[in-house]
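Look at the two complexes coming up: chain A is in both, with chain B in one and chain C in the other.
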Partner chain A sequence: MQNRHLSLKYIEGEFKMVDIPQAEKRIDLDKKISGEAQFIDDISFQGMLHALVLRSPHAHAEIVDINLDQALQVEGIEKIITGQDIKDEVINVDIGDHRPLAIDKVRFQGEPVAVVLSEDKWKAKKALNLIEVEYNPLKAVMNAREAIKEDRPLVHENQDQYDRHLNTNHHPGTNIFRHYKLRKGNVDQAFENADKIIENTYDYPQRSHTQMEPHGAIAKWTTDQEMVMYASTQSPFFVRTTIADMFNISDTNITVKAGYLGGGFGGKSDVSIEPLTAFIAKFVPNKYVKLKLDREEAFNASLIARGAEVNLKTAVTQEGKILGEKASLYFSSGAYGSTSVHIVTAAGHNSSGPYEIDNMEVDSYGVYTNTPPVGAFRGYGHPEVHWAKERQIHLIAKELDLNEHQVRLKNMLRPGSINALGQEIEEENGDLIGCYEKIKKKLDQIEIDKKPGKVYGKGIAAIMKSPVMPTNSAASATLRFNEEGTVDIACSGSEMGQGTKTAMKQIAAAGLKLPLEKIKIKEDISTDNSPYGWQTIGSTTTWKAGRAVMDAIEKAIDKLKENAELLLDIEKDKLEYQGEKIVSKDDENIYVKTEDICFGHLSENGLVTGEPVQTYGTYMPKGLTYTDPETGQGNAAAEWTFGAQGVVIEIDKETGELKLLNMMMAIDAGKVISPKMARGQIIGGMVQEMGGALTEELKYGKNGEMRNNSFTDYKIPTPLDLYDADLDVFFFETPEPIGPFGARGIAEHGTVGITPAFGNAISDALGIEMFELPLSREKIYLKMIEEGDLDV
Partner chain B sequence: MAKEIKTTINNKKYKIEVPPQMTLLELLREKLIMTGTKEGCGNGECGACTVLLNDKPVRSCIVLAHEIEGKEVITIEGLKETGDFKEIKEAFIAEDAVQCGFCTPGFVMAIKALLNRTKTPTDEEIKEALGGHLCRCTGYESIHKAVKRLVK
Partner chain C sequence: MFSPFEYKRPETIEEVFELLNQNDNSQIVAGGTDLLVKLREAESSPDFLIDIKELDELKGIEQENNEIKIGALTTITEIKENKLIKDKLYALYQAASEFGCYEIRNRATIGGNVVHASPGAEYGVPLFALEAEVEVVGQNGIKRLPIEEFWYDVGRVKLDNELLKSIIINIDKNEKSSYHRLSRVEGMDLAVVNTALVKRSDNKYRSYFGTVARTPYQNKKIDAILSKENFNKKSFKKIQDIINESVSPRSSSLRASPEYKKRMVVSLLKKCLRDIGELGDDIDG
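For the complex of A and B:
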């Protein structure tokens, strides 16, 4: 790729590894299975106050009056805080459009209006019920389509006045806060030359992450300038800097501590409830304040996910070659735009899918709507556009009467191709075609045991993914040899189930050529003394923090050799590091044990030679740039991962009920650090996205109130949906030059192509085409009736 | 009005005052500081807070604390001292059936309850035992494999 810093040392030469040492179990398994692992709500302090939040019942309304008189009469209430208490505190992730509490108006049902603090949560609840708020309801806009209309209400009247961390190319006087434009080649010419133009619109509704652990944070201000916070966050450093900015104080005055997360999936990245927690705690100095969401609040008062309408116009030849494409993407991004600016970008330049399209015109819009704010969710814009693109390819093939595999293979990115961003794809980016052929072959091999009254379908999708993040999103790691020769490693990847701490242990053991038991990973993160890590997002921790660990290892080995040089009087270039010992390259009988020199060497007379070996490793993604505001071209993505996915389904001809029989993925992981955990990531991602494919959709009533904010009404996959299904994961290993031992990120990728695989399987089974997710039983049933295929 | 109840939790006898609105989950987590039992939904929908009440699995978030009067409760804190727990743990290790771990104690309690009923459950019995438990990380495959390993 262009401007790419290539370094092959981790996949060739000294660090080339065939086998990564495998741990018997995750390092946190014992604590988690026994319930001993502490999550945020398991932490309490003496005298801690509980924060209960009064939330707006309206999706869009002016706040006319708040009356606290009766509520303040309740005994045991420490403090009640409202928007009137806000001075100039603004939450600015990318756009300064958000306050910790609503001030003059509410913009989504669930927005905080008042907070009651009390040591006794029952008393707080009582006071909460006594707060009187008078609202003047306004017309709400619930999706991007409505929100871009001429006569729509504005969610933010003066978005032009907001501070922005980057140019979002917003449209003043409208609800559009982000417009990503991509212009490549000559689209008009391509459309003139086309044999056919195929246009379709695909809808991917909003969803909920539904981490099993609802969000929580605990804050205490120790002085009026210093705060300590415990949070269930993927982003302790980012939370720190956002809160410091909010109060206009130094980052170093804020301490954020993060332990285990009961699931994250992006919904605990950037910031969610942490700024509010910090804000309310400031009113009760020296007291811990805990804000913990209940399940309903986790649905309607944290971050939600996805929400995109994608229109694709594709110009093709009779043979299925894509000449050009016009794409319009409208994201229903919710009431505040900060947490989805980059989703709009990522979706925009990934709308090509894993195909080489010479002529592209993409307009991707982030649009304010009266729903909870949309934030990152596993896949980050990619599942939304793959739903569209992989259905579109299927429909292009159908329209042209071609085989869909041939259409895909004809257009796929391969070494030498130029992608949508203008980057050249190289061999090292991975084996897309190999992955696709693998899934195609596996699907072909599956013989279905057909039952009467059922129809069967197979569906396939190809995928690509890159992390899209600020160009300076660094990772770092510390390495410390202890006196006995063991090694402490720390890096700031939050552990939310992906197994990052265990993977780091394996990477460190492999790099240091030491047994796993000599490596200790520091699990808790504190922004005071843990190495910096921007956020645990984008499937980048193994890749990027892993790389930082390798950097620390290189430096440590160099230091060890320096210590050995002093002791053995052999130049360090003539020494080889072998893990437990450092050996002369000329004579293997001359060596020194690592454990004898890792703290400097102590001789019999007490004289010390050398220094303790403690190092710091860093990694900054190289060569990233902002995209050009007019053409959208540039190095927005630091690495690519390719793969393919497939499903086999059974549909009941009478009821439309869909049953999963097989689900699979082939992915070029670069290097699999742990086969078991890697499989768990891919399968977890696929099943999570299966929810999006079949059942999950946030629904709103006519006043904009969320109607399915519970597990009874919002259906996520259960054990019953998977018990009888066969799942397969196939790993390809084309080394990635940056990642440790060639490893790429894989944590989100299981989600990316699952929805179109289901859509294409339904087409295969019934010949009906679906354009709106979820592909519910009801929709399939109605469509079957419409098409006259119903067998009754 | 708070009421004093007598109960047995993890084989230890308790005499405790409980307010009428307090749930068993609140009693465990907030009063007895047994935080191994997790709250995922508070509505009996996710299974994370499952404990055994007289050997039967219940959602402790929808059981009132005063309902355990005269009954026996086993939580993950009690179970983890037993040989059965060790077996379940070995199976979870073998299949890497834990990711974020928040739902895990609930699943473990459900599996223990299933094994209390039968050592050779059918597929239907396994589905019935686990069907109401939600996990958002694993995709269930590894948990199912762990259970099948236990009943082989």
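For the complex of A and C:
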């Protein structure tokens, strides 16, 4: 790829590895099984106050009056805080459109209006019920389509006045806060030359992340300038900066501590409840304040996910060659825009799917709506556009009476292709066609044991994914040899269930050529002394923090050799590091043990030679640029990952019940660090997205209230939905030049193509075409009837 | 979070009534699988929480002559694992198998499910179809009444400072039975629609449908069609027409649209007929 910093040293030469040492079990396993592992709700302090939040019952309303008189009478209430207490505190991730509490208007049902602090939760609850708020309800806009109409209400009247960290191409006087434009080639010409133009609109509704652990944070201000916070966050450093900005104080005055997370999936990235927690704690100095969401609040008062309508117009030849495409994407991004600006971008330039399209015109809009704000969610814009693109390919083939595999293979990106951003795809980016052929073959081989009354279908999708992040999103690591020859390593990346710290231990053991037992990885993060890491998102930790660990290892080996040089009097270039010892390249009988020199060498008379080996490592993505505001072109993606997915399903014709028989993915992972955990990640992603494919959807009532903010009516897949299913993961290993030993990230990829695989399988089974997720039993059945497939 | 309450665990029925007399704002709890949700959401804040799990008189499954008696405190797991139930009242076994999830089944009781009187309750349609009767115990003794009289509206049963003691089913009258439900996922879910069908010893059928009305719904015309011989494809068309005309499920349900519910009533009826052996694998009926 252009401007790309290439370095093959971790996949060739000295570091070429055949086997990565495999851990017997995850390093967090015993603690989690025994219940010893601490999560936010396990932490409490003497005299700690609980924060209960009064939330708006309206999706859109003016706050006319708040009366606290009665609530303040409740005994045991420490403090009640409302929007009137806000001075100039603004939460500004990318757009300064958000306050910790609503001031004069509420923009979604669930938005914080007042907070009661008390040592006793029940007393706080009593006071909360006594707060009187007078609202003047306004008309709400619940989706992007409504929100862009002429006569729509504005969610933000003056978005032009907000501070912005970057040019979002917003449309003043409308609800559009982000417009990503991509212009490539000559689209009009392509459409003129086309044999056929195929247009469809695909809907992916809003979802919830449903982390096992709802969001929580505990904050205490020790002076009016210094704060310490414990938070269930994927992004402790980002939380720190955002809170410091909010109070206009230095980052160093804020310490954010993050331990284990009970799941993140992007919903605990950027910021969610942490700025509010910091804000309210400031009113009760020297007291810890805990804000812990309950399940219902995790649904309607943190970040939600997805919410896109994608319109594709594709110009094709009779043979199925894509000449050009016009794409319009409308994101229902919720009441505040900061956390979804880049989703809009990512979805925009990934709307091509893994195909080379010479002529493209993409308009991707982030639109304010009266729902909770949309944030990152596993896949980050990619599942939304793959739902559209991989269904579109299927429909193009159907329309042209061609084989869908041929249409895909004809258009697929391959070495030498130019992608939507204008980057040239190279061999090192991975084996897309190999992955696709693997899934196609596997699907072909599956013989279905057919039962009466049921129909069967197979569906396939190809995928691509890149991390979307700021150009300076760095990762880092520190490494310390202890006197006994063991190694302590700390690196960026939160442990939220994905096993990242175990993978880092394996990477370190492989890099240092030491047994796993000699390496200890710090699991928690504290911003005052942990290595900096921008955020744990975008499937980048193995790749980026892993690279930083390798950088630290490289420096450590150099230092060890310096110490050895002093002791052996052999130039360090003539020494070879072999893990437990450092050996003369000329004579293997001449060596020193690493443990004898890693802290400097202590001789018999007490004289020390050399220095203790302590190093740091960093990684900054190289050569990234912002995209051009007019053409959307630029080096916005630091790496690419390709793959393919497939499902086999059974449908009950009497009820529309869909049963999963097979689900599979082939992915070019570069290098698999831990086969067990990698398989778990891919399957986890596929199953989570199966929820989006089949059942998950946030539903709003007439007044914009979220109606299914609990697991009673928000249904996610459980093991019973996989009871009869075979799950397969196939890894390809085309080394990625930056990642440790060639590894790519794989955390999100399982999600990317699952929805279209299901959509295509339903088409295969019943000949019906679905355009709106989720593909519920009811929708499948009613569509069957509509198409006259049933004679009931 | 829960509102503060006093937890009471009486050992006799008499003690229960004493406690109920002591405090008007009392709440009886058995398995707690419905009540604890309400308490957590502060929908309910009783002064006394009276746990009746110690009352042995309300437990167990037994046969007396031609009746099977199921104590109100019998757990769903106990029903699922009981041979008598599986042999004689298959629909109740099926309902137990579909009920909640493994953990809930260990906790929840059939009595709790009945007194909660939810429109899609697992033990609504099968007990109605089986013409079950209930025994209710009060301070003045025990009375017995048909379930459709006891369970009269959404969340409403005829209990006035009384306890549901047991559920009684005549096994001579009911020859075969079947229960089916539809949900949105394979894991724990509330029923989108449920249906029970009983073939009686006199070869007549009784069918009941859940979630399409405020209480389990029966239509005599459908039972008449089912009870006729020469059952065929046209019969289902007729049943569908009757359902379409006679029920109007609420359109605000999050679980299913009225149209889908009405269709599913008939689909589940087919599955019940197939269980009872009246319909082969010929899917169209």
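Just so it is clear, the second predicted complex is superposed on the first by the 790 of 792 C-alpha atoms of A that agree within 3 Å, B and C clash if a C-alpha of one lies under 4 Å from a C-alpha of the other, contacts with A are read in each partner's own complex, and residues count from 1 in each chain.
Everything below uses one rule, namely that a residue touches a chain if its C-beta (ideal position, glycine included) is under 8 Å from a C-beta of that chain, and two chains touch if they have at least 3 such contacts.
This one's a predicted model, so the numbers in the text were calculated from it and none came from an experiment.
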item: Chain B versus chain C as contact partner of A:122, first or second or both or neither; value: both
item: Which superposed partner A:683 touches (first chain B, second chain C, both, neither); value: first
item: Which of chain B and chain C A:720 touches, first, second, both or neither; value: both
item: Touching partner for A:712 - first (chain B), second (chain C), both, neither; value: both
item: Touched partner set for A:25, first chain B, second chain C, both or neither; value: first
item: Partner chain(s) touched by A:657 [first = chain B, second = chain C, both, neither]; value: second
item: First, second, both or neither for A:699, with chain B first and chain C second; value: second
item: Touching partner for A:528 - first (chain B), second (chain C), both, neither; value: neither
item: Partner chain(s) touched by A:134 [first = chain B, second = chain C, both, neither]; value: neither
item: If touched residues of chain A are counted for chain B and for chain C, the larger one; value: B
item: Doubly contacted chain A residues - partners chain C and chain B; value: 122, 712, 716-720, 723
item: Of chain A, residues touching chain B in the complex; value: 24-26, 28-39, 41-42, 44, 122, 209-214, 260-265, 294-295, 496-499, 676-677, 680, 683-688, 710-712, 716-720, 722-723, 727
item: In the complex, chain B residues that touch chain A; value: 19, 21, 29, 33, 35-43, 45-46, 48, 75-77, 80, 85, 88-89, 92-93, 96, 98-105, 108, 123, 126-127, 130-144
item: For the chain C and chain A complex, residues of the former touching the latter; value: 1, 3-4, 42, 182, 184-190, 192, 236-237, 240, 254-257, 259-260, 263-264, 266-268, 270-271, 281, 283-284
item: Complex interface listing, chain A residues touching chain C; value: 121-122, 125, 452-453, 653-655, 657, 659, 694-695, 699, 707-708, 712-713, 715-721, 723, 776-778, 781-782, 785, 791-792
